[in-house]
Amino acid sequence: MTDTPNLEKTPVRDKSRFAVAMESDFVYAFKRSPVAIVSCIVVLILVLSAVFAPLIATTNPFDPASLNLMNGFTAPMEPNAFTGDTFLLGTDDQGRDVFSTILYGMRISLFVGVAAVLFAMVLGITLGLISGYFGGWTETIIMRTADVQLTFPSILVAMLIFGIAKGITPVEYRDQMAIWVLILAIGLSDWVQFARVVRSATLVEKSKDYVAAARLIGRKPGAIMLRHILPNVLSPVLVIATISLALAIIAEATLSFLGVGAPPTQPSLGTLIRIGQGFLFSGEWWILLFPAVTLLALALSVNLLGDWLRDALNPRLR
Amino acid sequence: MLAYLIRRVAQSGLVLLIVGMVAFGMFRFVGDPIDNMLGQERTQEDIDRLRGQLGLDQPFAVQYFRFLENAVQGNFGVSYRQGRPVSDILLERAPATLELAAVSGFLAIAMGIALGVFTAIRRNGFSANFIMSASLIGVSLPTFLIGILLIYIFSVELGWLPSFGRGETVRIGNWTTGFLTETGLKALVLPSITLGLYQMTLIMRLVRSEMLEVLRQDYIRFARARGLRDRVVNFRHALKNTMMPVITVIGLQLGSIIAFAIITETVFQWPGVGLLFINAIQFVDIPVMAAYLMLISVMFVGINLIVDVLYFLIDPRLRADRAGAH
Amino acid sequence: MLRTIRYAAIAVALGSAAQAAEFTWAETTDPQTMDPHAVNSAPVLGFLNNVYEGLVRRGKDMSVEPALATAWEPIGAGEGWRFTLREGVTFHDGADFTAEDVLFSYQRASDEASDTRSWFAAVSEVNVVDDYTIDIMTSAPNPIFPSSIANWMIMDSGWADANKAALPDKEAGNYATLNTNGTGAFRVTAREPGLRTVLEPFDGWWGEAEHNITRAELTPIQNPATALAALLSGDVDYINPVPIQDVARLSENPDVNVIQGIEARVIMLGFPHEADALKYSAETTDANPFADPRVRQAVAHAVNVPAILQTIMRGNAEEVSQLVSPAMNGFSTGLVDRPAYDPDQARALLAEAGYPDGFSFGLKCPNDRYLNDESVCQAVTGMLAQVGMRATLDAMPVQNYWPELRADNYDMYLLGWSPGTFDAEHPIRFLAATPNEEKKLGSWNFGGYSNARVDELLPMVQSEIDADKRQGMVDEITKILQDEVAYVPLYVQPLVWGTRSNIALTQRPDNFFILRWVTVN
Amino acid sequence: MTEPVLSIRDLSVEIPTRKGVVCPVDGVSYDIQPGEILGVVGESGAGKSMAGNAVIGLLNPPARIAKGEIWLNGTRIDQLSGDAMRRLRGKEIGMVFQDPLTSLNPLLQIGDQLTETMLTHLDISRSEAEQRAIAALQEVGIPGAADRLNSYPHEFSGGMRQRVVIALALCAEPSLVIADEPTTALDVSVQAQIVALLKKLCRERGTAIMLITHDMGVIAEAADRVAVMYAGRLAELGPVREILTSPSHPYTDGLMASTPLASRGKSRLHQIPGSMPRLNALPDGCAFHPRCPYVADKCRHDPGPQGVEGRAACWFPIVRERTA
């Protein structure tokens, strides 16, 4: 190869692991890319405010008893005609303070999004590893199920799972069940892309010598897959994870548009947008605008972060 | 080559069978169709009589095999809601979805590739970064919101484009097309942008990363070392190699466009199979739902097959060594 | 605040004679079929009222007018009714209208396969006297029979036999499902189910046309926001319904008119009277508090209906105290006031009934059946929680809702009722009478409410000829239902139509859109 | 001496990195005469290909030419505009890459890749370009060239493919060819054929060839003159016989001692201690001093003069009586 000048740092022993990390190219590239910094900050702010929602939010929008219907449709920063209360970002049709509902709603959206992606990742990676490593019949079965899976658009999968879950779960658990069904539905329609990436990466890694060597010294397939192949496959998976996190959050919003999303008394960000969309023409713009902007900020920064991560982690693109 | 094709078709058949099984199994939980077929003043006795007539009181297995047996002969039964053979309804509504999918698919692919190549070639240019971030907005907002905002801006405020429906259509044989009428074309604009935007962003990002990968290859450096013009290097050499892996993904994207049409058709009241499916769910019209799923999976599996064959034909390396195994 | 327009007939000063024009309109659901006897539902009957006609019809003020029958009088002491038919009337395909067609339509509409069978429960036999006279005998005196058959539409027997549509076919559909041949003011010239239906005036119509429409097209638009955009951008001339929240904004818009009125539909809360225990309570699993009238009374006091009307309904609905709206025949004018909003009294009643710190239960609601149904249920959940009745709300699409109610999977439910006969007897027969399969009574009385006096009075109301005596009995029933809080009626659903400013039309409480009263200026 | 095809005067290439500027090529000067093969040798990372890339103007940013001049056939080319430089590549300077497997576009037929290059630079008709392509393939020793035009790269063996690469590099008749490790990816038997082919083409066409390699055997076999690079600087420059038999720079001496040459019989191979320093951590004074057996105090402080024809870049060049 053309002899690129070697730029590795001289071997260091004294610096702590953190100091080494801070000096690595990854962090260096991070500091120099404004897009990455801004989106990282935005994501941090949103996630932290969601996590500490009970402290930041003025009211608890999910407790029906605390709502005063007369506060409905109050414009931002203007006192309500009947009750005189004022709200930072106004209230929705149920008198819920939009600002607190966005925080609580984002909690649900983030929780559903992260849990769905984790579920899809675990499922996708395992199936991808197995189908890539063993090949033959297992691979055909898994890949054909992937085809079946892709035939069903994620929205459809969610609606049908929702139908089933509603059918079987005893009713008193129905509210908590709704969230888990969402996670299952979105996760189930997401695992395919992980499986495909991991499978193709496993095929590549499998042909490499170090895997043959590991096999030679009698390592069990499971160990080989986890300790040897998986670490080399992580970077594309990580990138897909960030992108599909954004997609999962939006899928939850789309599902609530079709009336299958989070329960009405605990609106997620997506449900808020669905409610808000009804008021687009009626003048209560704030019910749609603020949740939509929050969702856009969240999804956009997660996407941008994912994008930057892909370029940063992809060693050859430096 | 032939053995490979046969095996693929067999696999696709298996996929369809599984889809049919899963789809039919799920419909039992979506609601009771009888409610929507009888008016307010019905009695339990009416309900039982109709249930018997429609054969819904049979055990699940019997219903499923009767459904399969008919489906194979192309008879998908009669729609509970419209009281007409489902195959006729699908035939009527398919052109709308296919035309919408074709236009948004073309838009997504053409723009996707063009922008993908542009952002790859001018990797650090300002405009390239701007396009990359702006395109993300397409993926960061739910499709229904984009659709409604487009309607709000272009139909209500500006009044340039129709806010819903497909405009006048011209019937040619049993295909109705919206391409030949002015209102038909205008009606296509907003829905195809809403449907295509999401796919376009994905294709663009894929083409970009694939193109960057190719531009790093030695044969590109060699082409430059031979003094070939940038245009030749980028488009004749790099693009051709970029397209190879992209084809399969574009094939999958097209498949998901048809499936994604559900949302766009609901928002734009586009008279396609997607809207038909949503209505079928609302009125628990099981024959239509089952037929829709079979239609979608046939289309999807078909596209998969075509993409594989295409891949086989184009890549000389595959064709050369006659490797049957894919 | 509420512009109550009882019978909203917009008498627009017709300056110049408006020249003929095309008209397009949109509704959320498409009429399921073109067969007048196949489905007894408002969207279908409302649409077909423009194509087929009954012996009688309802005028702009809902009063019963002669249509295909010019006159009718009771036979003997109420054994039936004799109708004299209109002469010189032809069907759209030119066939003459005679008593034969009325007999055929009776046989078709009252057959097992037809959904409108329940209208003829009281009819014993029908005999043709001559070409233009027909007798319809009833098993018992039935004073409201003529007004209850306004939606019974007459089909030409020759046309039906020729096209093998002698009976409605719900399972596979037949010629009558897609094609029409009525005597009405309009003919269906194009029908693509679920997509669009086109009507053109029938120039051989016997009546005089008050409209100037040359062509009318109905396209269903499911998504409310899209429908509104279509109206605002002028793609359609009229939409029904207009989302409540958009009424204020639209009223200010110069090129759009909002026509408001009250519909015949009463929205109410229902209780599991018969159940011996709550199904969805976390702690009260061995008792059914709602069996105790005091608890039901507490619910009535806890729900702040004015607040719901003010915010969710934007002042466009009217509270109601009984099972029918004021526009209906038989409305008890003396029993108009409903229990006041008084949370303290609600808590007192709960304590008195043995639930000082309240209880949890499951509230079932539809989310796409009535106007803002889910939002109203959320509001009710909040208000009941404030007095200790902690509800977990389960809102679902309507196709899943009815099976859940029929299977008694609820502790409280939301129900809307619009009486087909526009008479107070209708909801009593379906909601208050003790459920009885043979006599077809109380088929929608999910909670199983039962009161001997009500069951005793119902047949008398059905056969009482003297209007005052009948009203007295209806008032007594209404009083019983109020005292026992069988249901908690909340409000009458508002009727909100939106039209382009150049359109004049008539809005009727039964939400039927009659094309022949439309003028495009 | 005729006018050199290529002459590099005090060429320096810099790469700004976050830890300061690195100089892979530091003040190098050499000429290549027409028909002459100049071997450029050195351990990997010594800056030999960087100089080649600088000449043809394909330096990957952020690397850039800091100072010095590059003359091609008497005209200066290091300041040419992008397009002017592009027209020059292929026409005046040909390049041969190391790995034949990846140097050819897998999806284009050989014939197309040849005719395309010719049509870009020479205004000849397509059919004439095809004739020349066949001739080019024959010249590099491809059997049955005429009917191999429309076959694909993967239908050739490694050695054959490198021949095609060479044909491509020469098809527009450049006066200079930069061969960057052309034999490294090939097995030994094929290497000899490629070296012979390069020598034949150089003699017949009078093209000057810059042969970049780390393999002293290839240098001995093919090069007329040789430039030894160490840590970005020119250690020694001169006719191959002279440099190989009696190197005057300690590094070259060490290199020769560690290369098994038939002429030197079975003496034990000598191993130069240590390894070449990294470019961003060069020792003071002469870069070779930590590994130099003859190191003196002066070497540790003073980097020593640039190597030029006949004088090594060393304070104490090894002086031997010229045996050959």
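A few comments on the model shown:
Letters A, B, C and D mark the chains in the order given here, with residues in each chain numbered from 1 onward.
Assume a residue touches a chain if its C-beta (ideal position, glycine included) is under 8 Å from a C-beta of that chain, and two chains touch if they have at least 3 such contacts.
Predicted, not measured: the structure shown is a model, and the values here were computed from it.
Among the chains, the centre nearest to the mean of all shown protein C-alpha atoms is found for B. Ranked by distance of CA centroids from chain C, the top chain is D. Counting C-beta pairs in contact across B-D and across A-B shows that the higher total falls to A-B.
For the pair chain C and chain D, the distance between mean C-alpha positions equals 92 Å.
If each chain is reduced to the centroid of its CA atoms, chain B and chain D end up 54 Å from each other.
With centres set at the average Cα position, the gap from chain A to chain D is 52 Å.
Mean C-alpha position of chain A lies 24 Å from that of chain B.
The residues of chain C that reach two or more other chains are 225, 229, 232, 368, 397, 400, listed in rising order. Touching of two or more other chains is recorded for residues 166, 277, 280-281 of chain A. Against chain A, the residues of chain B that register as touching in their complex are 11-12, 14-15, 18-19, 22-23, 26, 28-31, 129, 132-133, 136-137, 139-145, 148, 152, 156, 205, 209, 212-213, 216, 252, 255-256, 259-260, 262-263, 266, 278, 281, 293, 296-297, 300-301, 304. Put simply, chain A touches chain B in their complex at residues 35, 140, 144-145, 147-148, 150-153, 155-156, 159-160, 163-164, 166-167, 246-247, 250, 253-254, 257-258, 270, 273, 277, 280-281, 292, 295-296, 299-300, 303-304, 307, 310, 314, 316-317. Against chain B, the residues of chain C that register as touching in their complex are 32-33, 38-41, 112, 115-116, 118-119, 169-174, 177-178, 192-195, 219-223, 225-227, 229-230, 232-235, 368, 397, 399-400, 402-403, 420, 430, 437, 440, 443-444.
The touching residues of chain C, when paired with chain A in their complex, are 224-225, 228-229, 232, 243, 245-250, 279-280, 282, 304, 307-308, 310-312, 362, 367-368, 374-375, 377-379, 381-383, 385-386, 390-397, 400, 409. Per the touch definition, chain B reaches chain D in the complex via residues 217-219, 221-230, 232, 236-237, 240-241, 244, 315-317, 320.
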